[in-house]
Each structure stands twice: as structure tokens, then as C-alpha cells.
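By letter and in written order, the chains are A, B and C; residue numbering begins at 1 in each of them.
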Amino acid sequence: MTVFTGSDLTCLRGERLVFGDLSFNANTGDAVMLRGRNGAGKSSLLRLMAGLMAPRRGTIRWQGDDIADDKIAHRARLHYLGHQDAIKPVLSVRDNLRLWAELRGISDIDAEIDQALRALDIHHLGKTAGRYLSSGQKRRTALARILLGQSDLWLLDEPTVGLDRESCAELARLIAEFRARGGIVIYSTHVDLDIAAPTILDLDQFAIPMMEWLVEQDDEEDTRESLSPDMNQGKSAEAAI
Amino acid sequence: MHRFAKPSVFLKLTGAMMPWMVALTVILTVVGLYLALIGSPVDYQQGNTVRIMYIHVPAAWMGLFCYVGMALCGAMSLIWKHPLADICARATAPVGATFTALTLITGSLWGEPMWGTWWVWDARLTSMLILLFLYLGYIALVNAFDDPERGSKAGSALALVGVVNVPIVKFSVDWWNTLHQPASVARMDGPSIDPSMLAPLLIMAFAFTGYYFIILVLRVRLELNQRRIRALQLSGLFDERAAANGDDDALAYDQGHNAGAGK
Amino acid sequence: MNAFVAILRRDLRLALRQGADSVMVVAFFIVTTTLFPFGVGPEANILARIASGVIWVAALLAAMLSLERVFQTDYEDGTLELLTLSPVPLELLVLGKVCAHWLTTGLPLIIAAPVMAVMLNMDQDGFGTLMIAMLIGTPALSLIGAIGAALILGARRGGVLVSLLVLPLYIPVLIFGAGAVEAALLGISAQAQLQIMGAILLLSLAAAPFATAHAIRQAVE
């Protein structure tokens, strides 16, 4: 049983307060869908979970251990899919994937890549250079990357961008398989992905008015509670399962 | 330490200290300038030209002092991630660059009557010139980002890299200079300085330091207030108030607080 | 160590496929060096006198020219983010990328340098020292330059900015690199200069990967 939790997370992006007092909780086999307006912090939260960014306040824990304590171990267990596909136009699909396989220390690289390419139905493109791929094919190559090696956590930021309906169904199937193996998937999407019983984490709930934050910065000690107790209660509602 | 480094405490504290700092600096400057320009004796070799030194030497000290200060702030921002450290480093750079430029200009003015040329590739001059380049690089980097915080962070890293490099640059320039130019130019570090000359030098140095701290505090206060304004704009408070009653004077902090909490 | 080899191999493969980069750096080096005789006149003894300095300055500029691309394309297409997230110390990956940068720019420059030295009428006594000095100096240039290249990620006008940041930091390498060649030309041992250059290389080897990795983490944050 793996447990991935975050508590009292506050995130600042530049000078903008994205969200505050956010908590989440995900167990083995869970899927968490992030929802919220533009700028509500879906990408920021995924980046916090990946350890790319540090939260201004709060901690993210894997099995009770702060992910900031052993970043390498955390990176070894996760796969992150960002907005960009990170595909080099002059390298073939296989060569593009090879680097990530090598960095993960995978022993049988060719077999793993074959398997990933088949799963996404792009095996025939293996030798094609990145520049000849359509945007959907690029996205599928990027998705093939997250199938490489062992992982326990997928952080998918808008994975469906550029994918057609069939590919979305394919993705939903891959996610279901991953969950069946005990993986945790956290994702944001604008398209309806057919995912069984996802937990929904609505980020709009955790938006803090900027003014409140400013006051709090000035008087860190006691304003927090006295300012707006009812609001705080609303926020501590966890994305409990 | 962290308590004083909190923006609100900083604003309050420096607000109270400011008049005293200004008064002290003005007194030091007046006394220093009097001693430097009128009160001190004329040098038997350099004549009145020696008076340039009372500006030149303290400015050179400040040029180095500010760079070290910048690097210290950079280290603090790296270790404690305190936002005030970045702002201090950022506020120091233009002051340091100005002092360094002042050193070069006054050195040049002094060199013309003394050495008969505006510029020589003397080790000290050359090192100062490179220091100016380092400052300019820092300022350019800090201002090259859309997100000011990102610029400050990159700048802090650069200041640290720079401060490791300064001794190496200094050493290599000294080495290069002795190789290419056997000591043909008169050096400043000849006989020890007479107390009548040392006093104005030191007083001017203190005056410059006072000036630096005043500018630093002013610039940091400005930056903090600008941040607060940007934050208020982001919070949409201005629009709300304008819509509500149309008055925009007396944007007191308490009112802002209430508006935010009442949302 | 596998990660180091992996990133090195990928960067070299990229450089070979894209090809033009190394060629352009060497072409820039040659063209810049060729400008000096036009500027100072074709007298053989004047050219011989300034040859070592000219070659070093041109090499510095050429190495700097290619810096912007060390991390820029990876930054733009999201690769750098994923490198930061791979379960390997980022410092090691930085070292691999710097190594690839040196192999594709520094090494060709070392090969091109004696040719330009001949054209500038430099005495043959200096050739050996020139190549040794460049062998020690150019990796230091790549290492120091990588810090600048990482700092400017996401900045406006990064290309001009990187030169402003990096060139002052290159001065020690220039001084001792040119000094070593001059000593050799005068028939003096260049050992002292070469040793100091070695010290600079070791220091940058120890510090630059950390500074660069730190700057990259800031950039992808």
C-alpha cells in the first residue's frame, strides 16, 4: 500500500499566489483528477508533486517521507508528462526514447522501447525522425516515455492535448492498467477521459484572496485564524478517498 | 535575525532610522569634503591633484565593498531563500557600479596630470574595469527576465560565481601587468600616508558608506512598496474599490485587509 | 556514470546530425583570425608578435558563440525539465553536456589553431605550447561558459547577455593561455602558466557543474 499525500501546501508563482492550504491524499491504484479555472494552479500542483518546484509552505510525502529529503528516489518512482513533448527533430523516435530509458538505468532497453511503442500503436514509426511526426504522433511518443521502466506515480499535465478520440481511449486503457498494477495517477485534462472513479480535486476551492495573503505575510503569527476562520475550514477539506 | 528581515519590520525600522542616517551622512560628507579640499596639506609631489585621491580611494573601496555585499546577499538568498536578500543584492548593484565607474573616472583625471595619459593598463585600473564589467553583467542579467524574482535569483547565483572569480582575475591581471609593464608608473603605495591626509580619507570613506546604506534602504523600500502595489493590483482590489464608491485616496492597509477578508 | 555516457552520446549524436554547429564555430574562428591582418597590416613581424593573443581572443569568441545553444534548445522543447526530473544527479548530466560541447567546439578549435598560427607567421617554437595550452584552456572555457548559458535561460536577448556575463570570467584563461605561448616563443619554460591554467581548469571542474545545475533548477522551476 503506497500513500502519496500533501498537506497545507501554499504555492507562489512569481509574485502571484496560486493556491493556499491545499491538501491531498492518494493511495495505491488511485486516480486524482485536477480541476479548476485557468491559472488555478493545476500545472503548478503537478510540478510541486514532481519536485520541480518547492512549495512556499507545506510538505508532500510519499509513504510518510518528505519528497524533498530524497529527490533522486522520488524522481526514480515518478513519470512526469508536461505540456511539451521534448522530442528532438533530428533523432528517431527510438533514439528519442533511448535517452530516457538509459537515464532510468533500464537494462533491456530495446525490449522496453518495443513494448512501449506497441502499447501506443506507433511501433511502425520507430525509425522515423522526430521532425516528420504529426503533433498527435509526437504526443504519443511522449506518452511512450512514461511506460519505460518501473514507476509508481504518473503526473500527467494535459495528456490529451493533440490526441484523437482513439488515442484518448488508448490512454485511458493504459492508465487503467497502471492503476491495476498499483500505480497512482494524477492528471489534469480539458477533455473527458474515460477513467474509472477518479477522485476530483477542485483547485478553485483553494484560491486565497491576495489581500489575505499580504496581511498574513505581515503578521505571520496570529492573523491566520482570526482573519477568516470559515474560509480555512473550507480549505482543509482534503481530497480524501 | 529573521524577525528584522521581515518586510514589515524592515519598513518600520528603517523608516525610524532614516533621518539619523541622513543627518550623519551629511555631517560626515561636509566635514570630509572640507578636510579633503581645504583642510589637508598639499602633497609635495602631486600638488593639489592629490585631492582627487580623497574621492578616488574611498570610491574604489566602496566598489569592492558593494560587490562583496552583493555576493553575501546572494549567499543568503541561496541558503535561507529570504526574499529580502535578493532585493538587497539587486539594490546594491547600481550603487557599486557607480562607485566603480567613479573610481575609473577620477583615476583617469588624476592620471592625466600625473602620468601624462588618461589611461594606462595598470593592474589596478584594469582590475577595476573588469569589476565594472562584472557589475554591468549582473545588472543586465537581473533586468533580462519578465519575472523580477527569477531575475534576482539568477543574479544572486552570478554574484557568487563572480566573487569566486574576482581574486583569480585580480591575480591574473597583476601577473599579466608585471610581465608586460615593468614598474614604469608611479605607484600610490609608496611612503606611508600622513595622518593629516589619512583623516579626510577615512571620513570620506565613512561618508560614502553612509550614502550607500541610505541608497540601499531607499531602493529596498521602493522595491517592497512596488511589490505591494503589484500584489494589490493582482488582488483586483483597485477595481473593486473603484466600482464600489469611486474614491481612490487613502488606500489604507486596514481597508485593503477588510476588502480581502470580506470576499 | 551510465547517465554521463548517455547524455554525452545523445548530445554528440545531435551535434553530428545537425552538423553545422561545429563547422560554424571553426569557420567563425578562422574568419575572425583572418580579420586581424586586415586591421593591423600584413607585416610578418607584427603578425608574429600578436599571433598568440589573436588566436586566443578568436578562440574565446568562437567558444562563447556556441554557448547559447548548450541548454537553450533543451530548455525550449521541455527536455531540460525532464533531465532535471530524471533519477540522476543533475550535476552529472551538466558535466556530460559540457563535455559534449567541448568535443564539438573546443577540440576542433585546437586542431584549427596551428593552421591559423602558420598564417599569422607565428614561430614554430610556440606551436606545441599553443596546443597544450588550448587543450587545458578550452575545457575551462566550456565549463565556465556553461554557467552563463544556464543563467540566461528564459531571459530576453540571451545571446548578447551570455557574452556580457561570460567574457569577464574568461580573462584569466586568456591571460595565461596567451602568456604560455609567449613564454615558449621567448624560449622560457611555460610550465608556470600551464600549471596555473591547470589549476583554473580544476577549480572550474569542481565548481561549475554545481553552479550550472543550480541555475538550471531555477530556470525550470
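The rule we apply is simple: a contact is a pair of C-beta atoms (placed from the backbone, for glycine too) under 8 Å apart; a residue touches a chain by one contact, two chains touch by 3 or more.
As the structure is a prediction and not an experimental result, all values here were calculated from the model.
J.: Name the chain whose C-alpha centroid is most distant from the C-alpha centroid of chain A.
T.: Centroid comparison gives B as the farthest chain from chain A.
J.: Contact counts by the stated rule: is the higher one at B-C or A-B?
T.: When the contacts at B-C and A-B are counted, B-C has more.
J.: With chain centres defined as C-alpha means, what is the inter-centre distance between chain A and chain C in Å?
T.: Taking the mean C-alpha position of each chain, the two centres sit 38 Å apart.
J.: Between chain B and chain C, what is the gap in Å from one C-alpha centre to the other?
T.: 32
J.: Could you tell me the distance, in whole angstrom, between the mean C-alpha positions of chain A and chain B?
T.: Spacing between the chain centres: roughly 44 Å.
J.: Hey, what residues on chain A touch two or more of the other chains?
T.: Residue numbers touching two or more other chains: none in chain A.
J.: Would you give the residues of chain B that are in contact with at least 2 other chains, written as numbers and ranges?
T.: In chain B, 150 touch at least two other chains.
J.: Which chain C residues qualify as touching chain A in the complex?
T.: 2-3, 6-7, 10, 13-14, 17-18, 77-79, 81-89, 93, 220-221
J.: Please give the residue numbers of chain A that touch chain B in the complex, ascending.
T.: Per the stated touch rule, the residues are 14-16, 209-215, 217-220, 227-228.
J.: Considering the complex alone, what residue numbers of chain B touch chain A?
T.: Touching chain A from chain B are residues 6-8, 147-150, 227-228, 230-232, 234-237, 256-257, 259-261, 263.
J.: Residues of chain A touching chain C in their complex?
T.: Touch residues, chain A against chain C: 47, 50-53, 72-73, 75-76, 78, 80, 82-88, 90-91, 95, 98-100, 102-105, 145.
J.: Flag every residue of chain B that touches chain C in the complex, lowest number first.
T.: 78, 130, 133-134, 136-137, 140-141, 144-146, 150-151, 153-154, 157-158, 160-162, 164-165, 168-169, 171-173, 175-176, 179
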